[in-house]
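Labels run A, B, C and D following the written order; every chain starts at residue 1.
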Amino acid sequence: MINKIVQSVAEALAGVKDGSTVLIGGFGSVGQPDVLIEGLIEQGAKDLVAVLNNAGVGRIGVARLMELGRVRKIICSFPRSSDPVVFETLYREGRIELEITPQGTLAERIRAAGAGIPAFYTATAAGTLLERGKEVREFDGKRYVMERALPGDVALIEAWEADRWGNLVYRGSGANFNPVMAMAATLTVAQVQHIRELGALHPHMIMTPGVYVNRVVQVDRGGDWVTPEQA
Amino acid sequence: MPFTRDQMAARLATDVPEGWCVNLGIGIPTLVANHVQGKEVIFQSENGVIGMGPAPAKGHEDPWLINAGKQLVTLAKGASFVGHADSFAMIRGGHIDLCVLGAFEVAENGDLANWATSENDTAPAVGGAMDLAAGAKRLWVVMEHTTKDGRPKLVERCGYPLTGLACVRRVYTNLAVIDVLPEKGFMLVDLAPGVTLDELRAKSGAAIHAN
Amino acid sequence: MINKIVQSVAEALAGVKDGSTVLIGGFGSVGQPDVLIEGLIEQGAKDLVAVLNNAGVGRIGVARLMELGRVRKIICSFPRSSDPVVFETLYREGRIELEITPQGTLAERIRAAGAGIPAFYTATAAGTLLERGKEVREFDGKRYVMERALPGDVALIEAWEADRWGNLVYRGSGANFNPVMAMAATLTVAQVQHIRELGALHPHMIMTPGVYVNRVVQVDRGGDWVTPEQA
Amino acid sequence: MPFTRDQMAARLATDVPEGWCVNLGIGIPTLVANHVQGKEVIFQSENGVIGMGPAPAKGHEDPWLINAGKQLVTLAKGASFVGHADSFAMIRGGHIDLCVLGAFEVAENGDLANWATSENDTAPAVGGAMDLAAGAKRLWVVMEHTTKDGRPKLVERCGYPLTGLACVRRVYTNLAVIDVLPEKGFMLVDLAPGVTLDELRAKSGAAIHAN
């Protein structure tokens, strides 16, 4: 029997190695695997490359991981936040590397990694500072930048519902980076609110097939949204 | 009397036809949604919400439903959700009829600078601005006509790092509505009430043409 | 009020020009816009480039369009079928051009066109005959082929349900090429079984947002599958 | 006695562990599904069905539900649907644990030829074979050991146009199960009942190593 559900956050994060590239889902506070991030702080892996949209808020979660000196480099689109103190301090002191990537390019680079595409061209950032160090090429008279795939060793993602195959259903704007990150990592770990019986999730509602997911851990944070079951 | 922020947004909203799919940036652009009334416009948000409704009534917020500015929103009838890659495929593939952004500077060739104020900015943060600038079918800027200390934001060439090249089609400021025409540059469409063309030109860093 | 629903197939296909590249959805008989293809035969546009997975079966539909000499070129992955007589005759006589593309490359090229990507690299077909005439490049020691985006002037697609915004819900394996084709054409026309009230389609069930769809025409072919409505 | 087609499929099925995501090609490969019993295996189809069940009972067919071979299928519990781009992203991105295909020829370096029998084929039809050959985590071939007129299909170098380079890991034929090892070539795993190594070698076009 396939069963990707694990019983603890520690089990979900077992084996994450120093030096890993960690893809972290979420946009704003929605779809953010906050309990897995806390678990990663506990777990101890260091020298990490963190790939996510923001660079952490306040002194919790990813910001705490950075403050503890565990993140060597961050790849993100928007390092500013309502309280970016940890990142900004480390950045100013030269204690963290930053690779800034336009948000759509970030999502597409991660998808490319999941889809077997080593590189693609995009008009985004063409002619700007963020083109620096990248190949530029014209197609049909227009300037494009070549972007490389961005795979992860680990993806930490969040979803609303899962079953034991690891199929995931997202709620509201909770999908965001999670589906592409699930595709792009060697080890994909999902924090979910609800575990459903196999067959209860509607086949057309499943945005991330379990094929992409290695471990699922349930963390019920409340909320009462009910998805339609399979007809 | 120059336009207030709300009046700038309202003026822009009158130019949005029914049926467009529109992405609104943070700040004054967000106010545009309040003024698009009596016509169906589809508001898209980078985080995968296609078809946002008005702000939620008190007590009816859904914490799982936010826009790209991290504000709680609602869904319009007909709304749908996609993930980030699909949302940006929509943006980058030219399927957004209109993107409205704020700006630090707009040049007469349509160049936009709105993400970093210097090349050595302490933590440059681009978000989705470059994707929108490169991908939207048309880009309109809404902004104050000058900086707080009175320097013009309409310029011959941008001094700040660019967000996108030759992408701005129209600018709505507190003083005027101005088209950005290829080859030609800034072309006056409308002056705000009580603003003169001389005043507008005095506060602009590039030629403002008028018919 | 946004209303993409048109009242006839003729109206749905109005303005399709000679020389158009036409993306045609469907895989096997599922998700195939058969009534729109018949409509295109009526409509009269010629010198077409047809992009679809197969090259037509028997003497109906796309095969009929080819037999009438209206298709200059076909871009597909699998020109064989249970009854490929029309295509094979034209091909042998040199009266139709064939561009053969691996199925996944075909889908990805169409997606690229919809997503603003002019070109990408793939390992598919590297080192084979289908690499001919294409740029080849190594990334991290592995050989890849550069593939170009494949946009359409027109996409003819099929879905189970639509609303007046043009949002589409697919049934079973009926999505196949339809969602990417909807993204990649200047004019996207959908043949659907059922029209629903705006708001009745579940936001998480809509695979093709109406933003990608220009015209919807209802053609009820029977079938009794009911999708869950919005909660 | 050499394996029948069904026995070849059954032999292969014993090597598929629980939990794998498997894509089965047309022909003998399709038979494998019938023999994977008592373990959960996820059958993926190129047209976007992830988790197929057994063939439908008479009268319970859903005409909207077919596999890549255009046969009517059912859904397993836990199944989901995606479109073609996402389905091939799964294939090309290395997320299919096993792909089982038929072949015209397999070379000792793992090259596969299974889509065209000559460079001037009247209408070459590749379908998803090259995507699967390049993308699946592992590729196993199941085929008759020789052509109908007795020519070997295990060869030193493929004569027919290639589907993929160095992609075949294992071959199941009516005579034997044979690994394809990097540097080393064909290595015998198992002989079919009553088949001798000499017979196997006589019917093969390349060296068959055995421990």
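Basically, a contact is a pair of C-beta atoms (placed from the backbone, for glycine too) under 8 Å apart; a residue touches a chain by one contact, two chains touch by 3 or more.
Just so you know, these numbers come straight off a predicted model, no measurement behind them.
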Comparing A-B with A-D, the one with more C-beta contacts is A-B
Expressed in whole Å, how far the mean CA point of chain A lies from that of chain B is 28
Chain centres from averaged Cα atoms put chain A and chain D apart, in whole Å, by 34
Taking each chain's centre as the mean of its CA atoms, chain B sits from chain D at a distance in Å of 54
For the pair chain A and chain C, the C-alpha centroid-to-centroid distance in angstrom is 32
Contacts with two or more other chains occur in chain A at residues 108, 111, 115-117, 122-124, 170, 204, 207, 225
Multi-chain contacts in chain D, i.e. residues touching at least two other chains, fall at 81-82, 88-89, 92, 134-135
Among line, ring, star, complete and other, the chain contact graph is other
The chain pairs that touch are A-B, A-C, A-D, B-C, C-D
The answer for chain A against chain D in the complex is residues 1-2, 111, 113-117, 163-165, 167, 183, 198-199, 201, 203-204, 206, 209-212
So, in the complex, the side of chain A touching chain B is made of residues 27-30, 55, 77-80, 84, 87-88, 91-92, 98, 100-105, 107-108, 110-111, 122-130, 160, 170-180, 207, 223, 225
Interface with chain C, chain A side, in the complex: residues 108, 112, 115-124, 139-140, 142, 144, 148, 169-170, 202, 204-205, 207, 225-229, 231
Within the complex, chain C is touched by chain D residues 45-49, 62-68, 70, 81-85, 87-89, 91-92, 116, 119, 122-131, 133-135, 161-165
Per the touch rule above, chain B residues touching chain C in the complex are 18-19, 21, 40, 42, 44, 50-51, 75, 77-82, 88-90, 92-96, 134-135
